[in-house]
Amino acid sequence: MVRENIIKEIKDFDIKDPIVLEGLPGIGFVGKFVVDQIIKQAEAIKFAELKSDYFPPQVTMKENGLIEHMKNEFYYLKDFGEDKHDLILLTGNTQGSDFEGQTEICKVLIDYFEDLGAKKIFTLGGLGTGELVKDNRVFVAANNQESLDEVIQLNSTSIRKDEGGAIIGASGLLLYYAEERDIPATCLMGETPGFFVDASAAKAVLLVLFELLKFTIPLDEIEEQIDLINQRIEASQKIPPHVMEQQVQNQDDLQYIG
Amino acid sequence: MVRENIIKEIKDFDIKDPIVLEGLPGIGFVGKFVVDQIIKQAEAIKFAELKSDYFPPQVTMKENGLIEHMKNEFYYLKDFGEDKHDLILLTGNTQGSDFEGQTEICKVLIDYFEDLGAKKIFTLGGLGTGELVKDNRVFVAANNQESLDEVIQLNSTSIRKDEGGAIIGASGLLLYYAEERDIPATCLMGETPGFFVDASAAKAVLLVLFELLKFTIPLDEIEEQIDLINQRIEASQKIPPHVMEQQVQNQDDLQYIG
Amino acid sequence: MVRENIIKEIKDFDIKDPIVLEGLPGIGFVGKFVVDQIIKQAEAIKFAELKSDYFPPQVTMKENGLIEHMKNEFYYLKDFGEDKHDLILLTGNTQGSDFEGQTEICKVLIDYFEDLGAKKIFTLGGLGTGELVKDNRVFVAANNQESLDEVIQLNSTSIRKDEGGAIIGASGLLLYYAEERDIPATCLMGETPGFFVDASAAKAVLLVLFELLKFTIPLDEIEEQIDLINQRIEASQKIPPHVMEQQVQNQDDLQYIG
Amino acid sequence: MVRENIIKEIKDFDIKDPIVLEGLPGIGFVGKFVVDQIIKQAEAIKFAELKSDYFPPQVTMKENGLIEHMKNEFYYLKDFGEDKHDLILLTGNTQGSDFEGQTEICKVLIDYFEDLGAKKIFTLGGLGTGELVKDNRVFVAANNQESLDEVIQLNSTSIRKDEGGAIIGASGLLLYYAEERDIPATCLMGETPGFFVDASAAKAVLLVLFELLKFTIPLDEIEEQIDLINQRIEASQKIPPHVMEQQVQNQDDLQYIG
């Protein structure tokens, strides 16, 4: 059988010269956290969904017991921030599975962004260091010098000066596909250990976006998450290793294989 | 070469508005155990078989030395239980190999279920916790609220309140594909450590099915299996680790690679 | 690009109702060892070669520095053994890479065997136990009762009574594909630890073939190999672990990655 | 979607009977180091680039923060060395991802080399031994006796006398594809531990090329690299293991996953 990708538009919409924010799941779930927060706080409207045979063969369970299939979701905001940009927000619960899947999905995405008239793309993610950090720096990469300059002049951002570091998956590949279509694109990466959903790294990236796109959203929910995570980290650092192991076993992160 | 899937019908049959029970191999082999027991005790009749180039390239050896190829098998029961439902039972010795294979197989299966006029689907599996449990709970997920309510009202079932837990493979993906065809579908997952064929988890799921579909089958064979497994667990807990290792080496679970 | 399989016949040949012996690389390299010995000692003639894009992307280096590409090779012997059977011997330096590759290659092989008029197939391999053994038993599986009986009546063979043991790769899959074409097929598996080229297991399988096909070949070379391997095993059992590690590092089994 | 390979020629060029030097990334990055040095020191001219959906879905970050997509690059030199050969130099930042990808890419490459009239190919790589060495030997393999003799007569080269050693990826597969097109091809492998970019192994290979192709380039930059690496190795050998671990954590070799 041929493997299909289907973008279904569920709403009429009128978007002009949008800026795209990509927040698919990745290291530390940083990008997804950022985009989901903007969607929630700014009340963005969902207008399309991508289903694909290149997504992993599984579903997830919601708290209420209903299932959720693998998907990427497109939201929009009109006249957003001081400069009144139209925004497209991409979120979802998966990237393409395996190398071929990721390549396919990114081609579908860039085609759709181009059709929607995207003028600029921000891909958002985490920079995994394996270590806990006090202050999460935000690293930047871009497919053109102007976009790079625009971001790097902010105090809170830096270029990761390790030649050869890779950006894997949508956050990287979309920069290249955008370059081929002459769409300027920038990647913002929040520094994170990489082994839990990092609200702190997400906040750092969000603050950069506040400056770049001249908007703001309430940060209460993110701050709550940050406190919660910090409490867990402190608690775990006090626990002797063998007890830690048992605690982890009672954690909520279980696979349900059919 | 093109990879093929072939469903071969080996018997004429007349099924009306069937309910499907899916029991392909998965965690703890729970689903398969349940379906195989119903097939055996209720004397279901095999009417079709699926062979696929998306199954793993191997055969298994039966006790008598003859080989068995990789397959999914379809059985039926007519006028089953108090409500006299027609039942389709899906069992087999494999799921699709790798992500692409599992996606393909599930598409083939849902097409066939739809052709057979399936009115409702139950996917059966194990919820792997990594721990031994005294009483195996049965967790439920569904693709619609009504199916969820129908099951959750029973005392013996609960929703696993971990948002984001995944159901991988046929037991998960079929819920989604069924949703797309407007077929209500429910997943019942027997709590299991996940590292042996769990007759106890299977029994728990079977009891839920007894209530839902208003039937019963003799439980002698399952009870025997449960006793056998409990004996082995007790015995293994008395053995010092280094001796345990040697025992495992003498176990029957060997790979024969050609 | 489309991935291709090409069988190139390099010699005219006239074979009638051949018996096929399959000896592709597998556990303990048992099957390959057996077939290569028969080819060498009985001076079989190479008549065809299979090249495939489903083989791994690599070459091997021969002792003389020239490279050898990945291939399966077909040899024949006419009027062999007391019953004067025509024999086809399949050897090579690889199986298909990954699941899809193994499925493809086996389809190509069974088509070719059928074209060549194969009347019976023996697949030869190793049964990996992870342990050193004093006497290598030979286990058997078959796709039909008659073939099974023919082999199991010999003193030196037994059925491995572990239901569900798998035969992976060509030695397993060919039994199934042969069954679909009504070609009787049997798998002979020499018991082996599985982590070195096992001449002892190969000898055990060869002795069974001597009985079944009523032939013999000189065993000097195999005996030499067996002695060599036994010496190495004895030596390694006398060495303290940390020194053993260093020895392994000086071994000849290195990957040369371009 | 169909996966594409696109070779884009970016310059007119006139090459006659070129010799190809392949230096894609591999063990110890030896081949790439050699080719990049020749390109740099001899000021080779880039004339084409290969982009492929068979490359991994990622980009790398350059020191200046701009991204670089996955690619293979073709350079040429005219009338090079004493014998005034035309040279084609292949470099890049990736090989094909997974087995299928590597097979595809090599087919594209050999087609292009054949179109360009290649008369001879040298594939360059590392021979990974897992150990530090004082003097890096250069091992050779070839697809024909004449090419082998040409190289093996040099004092500084040897054949690795381990039958069955494999050359994986482009450096191996291109030898075979070249053989099918009657293009003589040789692989030069610099002995290397394999776990860092080995300038010392690269230098050894370069010296062999100096002799074979009768040219020379300044070695200052390579020597600098060699000193740098030796310093790091010495330093690391003085560090107690647990401190070493922490140092590694601060190293520059981090994955940035989007």
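Per-chain residue numbering starts at 1, and chain names A, B, C and D are given in the order in which the chains are listed.
Please note the rule applied: a contact is a pair of C-beta atoms (placed from the backbone, for glycine too) under 8 Å apart; a residue touches a chain by one contact, two chains touch by 3 or more.
As the structure is a computational prediction, the values presented were derived from the model and not from experiment.
Trainee: Since subunit C and subunit D share one sequence, what rotation angle in degrees maps the C-alpha trace of one onto the other, as a multiple of 5?
Mentor: Rounded to 5 degrees, the superposing rotation is 90 degrees.
Trainee: Residue numbers at the subunit A-subunit D interface: does the shared fraction exceed half, giving same, or fall under half, giving different?
Mentor: different
Trainee: Between subunit A and subunit B, what's the gap in Å when you average each chain's C-alpha atoms?
Mentor: Roughly 36 Å separates the two chain centres.
Trainee: I'd like the Å distance between the centres of subunit A and subunit C, where a centre is the mean of that chain's Cα atoms.
Mentor: 50
Trainee: Which residue numbers or ranges of subunit C touch two or more of the other chains?
Mentor: None at all.
Trainee: Thinking of each chain as a vertex joined to the chains it touches, would you call that graph a line, ring, star, complete, or other?
Mentor: ring
Trainee: Pull out all the chain pairs that touch, please.
Mentor: A-B, A-D, B-C, C-D
Trainee: Which part of subunit B faces subunit C closely enough to touch in the complex?
Mentor: So the residues of subunit B touching subunit C come out as 1, 3, 53, 56-67, 69, 97-98, 101, 249, 252-258.
Trainee: Report the residues of subunit D in contact with subunit C in the complex, numbered from low to high.
Mentor: Going by the criterion above, the answer is residues 5, 24, 26-27, 31, 96, 99-100, 102-104, 106-108, 123-131, 139-145, 148, 152, 159-173, 175-176, 179, 187, 189, 194.
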